[in-house]
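For reference, the structure I am asking about is given below.
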Amino acid sequence: MLALVVGMAGCGRTPPAYFRLNMVEATKQRLSADQERQVSTILLAMFGTPDEPVALPESGLDLAKLKLAAGPVRSDIAGRKNGLYREHCGHCHGITGDAMGPTAAFLNPYPRDYRPGVFKFKSTERSDKPTHEDLVRILHNGIPGTSMPSFALLSDVQIDALAEYVKYLAIRGETELALMRAYFELDDDAEGKLPETRDFLVAETLTPVAEKWQSAADARITVPEMPAGLDLAASIAKGKELFYGDKANCVKCHGPTGLGDGQANDYDDWNKAIVEIGKEVQSGLAKAGETSTSGMSAEEAAEHRAQLAWLDRFGRVLEGDALRPRTIPPRNLRHGIYRGGRRPLDLYYRIHAGINGAPMPAAKGTVPPEDIWHIVNYVLSLPYEFDGELGADRTLVAQGR
Amino acid sequence: MRNRLSGIFWGLLFLAVPVLGVATFAIAPAFDHWLPKDVSTHGAQIDALFYFILALTGVVFVATEVALFWFIWKYDAATTDRPATYIHGSHTLEVVWTIIPAATLLFLAIYQMNAWADVKMRRPDMSPTVEVVARQFEWRLRYPGRDGELGTQDDLHLTNDLHLPIDEDVLVQLKSMDVLHSFFLPNVRIKQDAVPGMKIPVWFKAREAGEFDIVCAELCGWGHYKMKGRVTFEPRARFEAWLERKYAEQQATQPPPDAGDSLAAN
Amino acid sequence: MAALRILSVLGVSLGLFTGCRPARVAVPGADAEAAGALRATLVSAAVPGGSAEAAASTGTGWGTLKGRFVYAGTVGEPRALVVDKDTEVCSKGGMKLFDRSLLVDASSKGLANVVVFARKTTRVKNPVSDAPLVFDQKNCEFLAPVFAARVGQPVDVRNSDPIGHNTNIAGTSFNQLIPAGAGTVYKPDSETGMPTMVTCNIHPWMKAYCVFRKDGYVAVSAADGTFTIPDLPAGEPLEFQVWHERSSGPSGAIGLSKPELKWTPKGRFQIRLEADEIKDLGTLEVPAATLGS
Amino acid sequence: MTPPTAAAVDHGTVTVSAPAHAPKGGIGHFLSTYVFSKDHKVIGLQFLFSTLVWFLIGGLLALAVRWQIAWPWSDVPVLGKLFAQEGGQMAPEFYTMLFTMHASVMIFLVIIPILAGAFGNYLIPLMIGADDMAFPTLNMLSYWFMWPAFILFGASFFVEGGAASGGWTSYPPLSTNVASSPSGGWGQTLWLLGLTMVGVSSMLGSVNYMTTIILMRAPGMTMFRLPMTIWGMFITAVLQAFALPVLTAAGFMQLADRMLGTGFFSPEGLVVNNAVPGAGGGQPLLWQHLFWFYSHPAVYIMILPAMGMVSDILTTFARKPLFGYRPMVYSVAGIAGLGFIVWGHHMFMSGMNPALGITFMVSTMMIALPSAVKTFNWLGTIWGGRIQFTTSMLFALAFVSMFIIGGLSGIFMAATPVDIFIHDTYFIVAHFHYVLFAGTAMGVWAAIYFWFPKMFGRTMNEFWGKVHFFLTFIFMNGTFFTMHILGAVGFPRRLADAYHYETFHHLQPLNAFMTWCAIGMVASQIIFAANFFWSMFYGPVAGRNPWNANTLEWTAPSPPGHGNFDFQPVVYRGPYEYSVPGCEKDHLMQTDPPNAAAAAAALASH
């Protein structure tokens, strides 16, 4: 039984926390080991480590806040001065913000992967970043109906720091993606090496990413007042019409009963990416299986082998660096659970701009604002419509109705 | 084991048990390692009972442990030369130390029934002040809105941040959406499991204003530890003002002037 | 001690097992001091901007590039798509929708929907026009399987169906409800690089591709496989990128063996036009294998 | 199992065991003698070794738990790598798995099998003067049914999602609902299957023990001449026979809920992790009732044999008859009887009808009574004795001393209003660790030091034994007594990190202290392990009766060969005839033929 102890002790201590490279993208872009190393080196230079974050002035990030959130958890009770992210967020969202924390795989829906820099619940137009307040609000209220809890009981300073750190991870992730994609755009004389110049790294790569974050506050959706003296009943009726009509078309996905039983086999952007790649790898392997190397010339055969090796590696990367893709069912509107917040305002944002990263499209431009308000009123009334008639709906029972 | 000191040594070791044991309990309060502040009206009963049992068991504890020490000390084969007493027991003694504990325990059992009934059985006749729905891993709160009844569209929905009035009975309707949880208010001496499929009433009356923890005391999954809530007791007036503010926030159709501040406010 | 032996075996296996979990793919670590040095250069307030703006133009005049893609291989029957929503419109009168990823002109073997665009250009002849291009959808199908537009040029995303659609352009965060018979105008604000997918989430089978270029030097091969890019800056080296939906090359690039054009596996070829020259690349044969069939 | 030196030990004595030890070739012989043996002694030792190994594993799990409580989220030394978590800190679901498996391993793979399996097997036939168990094959099976359990529990650590993490009580819906926890996948299922296997093993054992004790006693060995050890084992066997079927049934119901989608324990309308469970219409409380209907008696299954063994050891080293033999027997029986009607006291806060709570509270108060009686009798036993401070005796005394604490702290929980506050806090943790570790484990060590000579023919090293006792005793109290204080603050169990609550924020230093003690406690077991194995081969050779004890096993060779006794034991008196006046030696063995003086004295006592 001492052997047991030895067996365990043999494994030794774990290395300090590190940011893991976006291996899915790296493999997709067929980066060589050298190129991968160059990316991690550049990222280390630009963003530092989970314990020692770095914020270039162009990133517009507040290093003081970052340091509060970064680092290992301080376990003495006096402390808790830093390590907020790893204490509260890391085990789901992952130290890298890649949503690959140890707990992530068991959550439904999966935690957010910050690296693409896409966020769902915000007060800005679909294509824009969330404002700092949006992130703070999510941290504060949590996301009902998901595993994202409310951190309302943290101090405002701490929440502020965490929001800043989320931005940091997002900007870092987006920069990483940009760098990896840049390899494809390289001219052939660059010998597959990115220029390590301030112009390229900061001016061309970091700044465009960071600017979108800095300009988020200006991209807030301006919400027209709900038409004054609105008769609620009438508005709800109008909203119902729109809900089922061809204009707003909500019924197509959220279903004729509003239980989210319409178009239901779709993926959100994060999962879709993995699904597409998965298909590619599968078909690639299938094809490779059929083709025989007999008739090939030397270099053709070599190419074929390389392709096989790549596919195989991609398979393994997907195993370790991506979660099994899950479909994203349209929201059941009768739960009375609103992930982005239950204020009429929140629902207006959702309908107006759609939900970035999700199939939910924007009504902006094609549905006039007052109609959106009607839909909001109708949706808010849904959980209380035909009381008891939907007794079959388990959740309504759970809600005690 | 012929060593004359061994008996003394082991005797003292066993004497350390009651000495240090009592000492631990004696100094713990000094370091605030003790029953947390109680702000409820019924808590006093519970604490009194706790102290009573503590005293009772304390006496028995010290008595028996000291007896043990004394026998070890006195009847060490190495130090005593008198032969061991040849005795198979004593009927009287058996009867005595059966009857006395029996009587005490029975008394204890009857004595505490009232306190138990107050907390768990004598439900005040009123409609729920708030509904608490436990969920992995948060406390979802639902206040009846202006219409004063739960389950209508004007309910006020909140998370983890429970506010309640003081100096009056409050009735919490406890439910669970998924697994077992336990609604534990250390400072109110209240604990009740939330059982999926059951609506369990919990009632109490707070004496003092202040902010206190809500703890989950039944294993509810990986996030059990972070299922933290906060209860704020405040006078009726302030309580209602707070309700109004929250309700207004929930009905908002325009972003607050500065989102940052309004969040800081709650 | 038999039991003991057996159990210590169990013990060891326990220990070893735990020690050796299936690990994730190894990642090459960063080069610490290189990073340190690099960081120094990055934080040093170097002259902002620098060579960020485009390289100075070297040539004058304009030329035209043409060519024709043909498919060297046999085309099977096109796959019918699964249409299970709004059938009263999407398959009215038994109408069927087919997979359009490989459209070959039966007679001329011409390969349609090949995208050719200039990678970098120094000069642009025409300003961005305000005449909106129409990107329409009818009978639950995007009319254009591959759609090219110039950044900043208005695109009128239409819906000529009696039912509602939404149009979701991947990577651009354009995802709009397009009510029946209505439309909305979209101005591409950035280049797509390789063409990006357009879908309708309500009708999962609907699929198209679109490519946006700043300089608008982009062409999509017609049904007969021909393509033309006019008004290209002459007198300087140009590099073109070739793409097809079905290509098995990296990111859909079509690599042909045309040494004279320095055609790379990344689907790029280089060429130099003289002023007012109309350069015809002639017939470009795309082997079946390249399109993964 | 018996070491080769054994033959040397009992040369000279006519020993039936000689052929068994004669070197016989053939793997078949090896298997039938050492592996698939039907000899109760070999089986007993197999149980002993297996459980000691799991004892170590359970201890390491406990250390990992303590580490997280003391220094949450900080990099875990040595074991950190195992968790394969980023930055070496353990994830919360891993922590829940740790304490779940710590409890499960300790209860189902250590305490229950080491008492009934190891000592029950080894001692019952020897102490009642039988040559083996009534059903040797059943007996062998009862051990080999533990192996599926070992493997299932062990394997569950490596399946996706890790081992069970629903607490050792496995309360539904957390345990039945696959979506509700990471271990929802296989861990929980393997746990249930393992539990069933342990149940089968215990059941086979208990049937065997009851039959053996009732039918195979040596001539003259009346029920009221049985040593307390045997009484403990007997009552335990009865408890198991009546309680186990309930647990097994409940276990299968939970399995069905998990695998067949039945809804015994989940009500309508759950939404767990955004998954709506299939069937509903069940009641979570049902499981709690069924589970505790077994698991409360199981608490006594986990201590009665230890009580018995301690009684024997106390008398032996106090050189004095047991004080109140019959009251002791009655109180054991009383505990067993009452043990079946107190399960509800685990459920005071569960939403069970509060009126029912009162009933269970009264019965629970009453069950404190027999325990008190036993304690007083133990004190009575050492009063006026001639105490010999052997390691074994020290552990036995520690058992008494610690059992007093464990018993008294139980009264707090029995008092329903107080339970409102301390339920599911560290007060409970302190309570059952005082009963199960500071109690039973002390008893087990006492028994190991006491019967080691009989098992291996050699005595363990007394000096290192005492060092082991001293350190264990100190660290143990350092770890567990302070838990009462945590409980008084309301510090809840099973929290991966409680310091973000204002109420518990200041308790971290105390927890750190406890963790250091726990580390010390585990470390001091190295001394025990070393002493154990060293003495097995090099310890001073013990005769048949190194302690001058009375009971039958000491008349057999050490170690006894197959068939145990090299003569037919005949019993003339009870097991506790020490220091009989007018008798030349200070102990009269149960088999000593009555001579006038002794007989007079012996009979006077009955």
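Which chain is which? They are A, B, C and D, in the order written, and residues in each are numbered from 1.
In this section, a residue touches a chain if its C-beta (ideal position, glycine included) is under 8 Å from a C-beta of that chain, and two chains touch if they have at least 3 such contacts.
Since this is a predicted model, take the numbers as computed values, not measurements.
Across the two interfaces under comparison, A-D and A-C, the one joined by more C-beta contacts turns out to be A-C. Taking the mean of each chain's C-alpha atoms, the chain whose centre lies closest to the overall C-alpha mean is A. Computed centre separation for the pair chain B/chain C is 64 angstrom, with centres defined by C-alpha atoms. Note on chain placement: the centre of chain A and the centre of chain D lie 50 Å apart, centres being C-alpha means.
Note on chain placement: the centre of chain C and the centre of chain D lie 69 Å apart, centres being C-alpha means.
With centres defined as mean CA coordinates, chain C is found 23 Å away from chain A.
Across the assembly, chain C contributes 7-8, 11, 14, 18-19 as residues in contact with two or more other chains.
Shown for chain D are the residues in touch with two or more other chains, namely 53, 57, 81-82, 91-93, 181-182, 268-271, 273, 280, 497, 500, 506. Among the residues of chain A, those in touch with two or more other chains are 1, 4-5, 8, 11, 103, 106, 147, 398. On the side of chain A, the complex with chain D involves touching residues 1, 4-5, 8-9, 11-17, 50, 72-73, 75-77, 80, 83, 86-87, 90-91, 94-95, 101-103, 105-109, 145-147, 394-398. Contact residues of chain D toward chain A in the complex are 52-53, 56-57, 60, 70-75, 77-82, 85-89, 91-94, 161, 179, 181-182, 184, 268-271, 273-276, 280, 497, 499-500, 505-506, 508-509, 529. Against chain B, in their complex, chain D makes its touches with residues 91-93, 96, 165-167, 171-174, 177, 180-182, 266-273, 280, 283-285, 318-327, 349-351, 354-355, 357-358, 361-362, 365-366, 368-369, 372-373, 375-377, 379-380, 382-390, 394, 397-398, 400-401, 404-405, 408-409, 411-412, 415-418, 420-421, 423-425, 462, 470, 473, 477, 481-482, 484-486, 488-490, 492-498, 500-503, 506-507, 510, 576, 578-581, 586, 601, 605.
The residues of chain A lying in touch with chain C in their complex are 1-8, 10-11, 18, 20-21, 23, 30, 33-34, 36-37, 40-46, 54, 56-57, 118, 126-127, 181, 184-185, 187-188, 196-199, 201-204, 246-249, 252-253, 263, 265-266, 269, 283-284, 287, 313, 316-317, 320-321, 354, 356, 359-367. Interface residues of chain C, counted against chain A in their complex, comprise 7-8, 11-12, 14-16, 18-19, 22-25, 27-32, 34-36, 38-39, 41-44, 46, 48-52, 85, 119, 162-164, 166-168, 170, 172-180, 182, 184, 193, 201-202, 204, 239, 248, 250-251, 264, 266, 268, 292.
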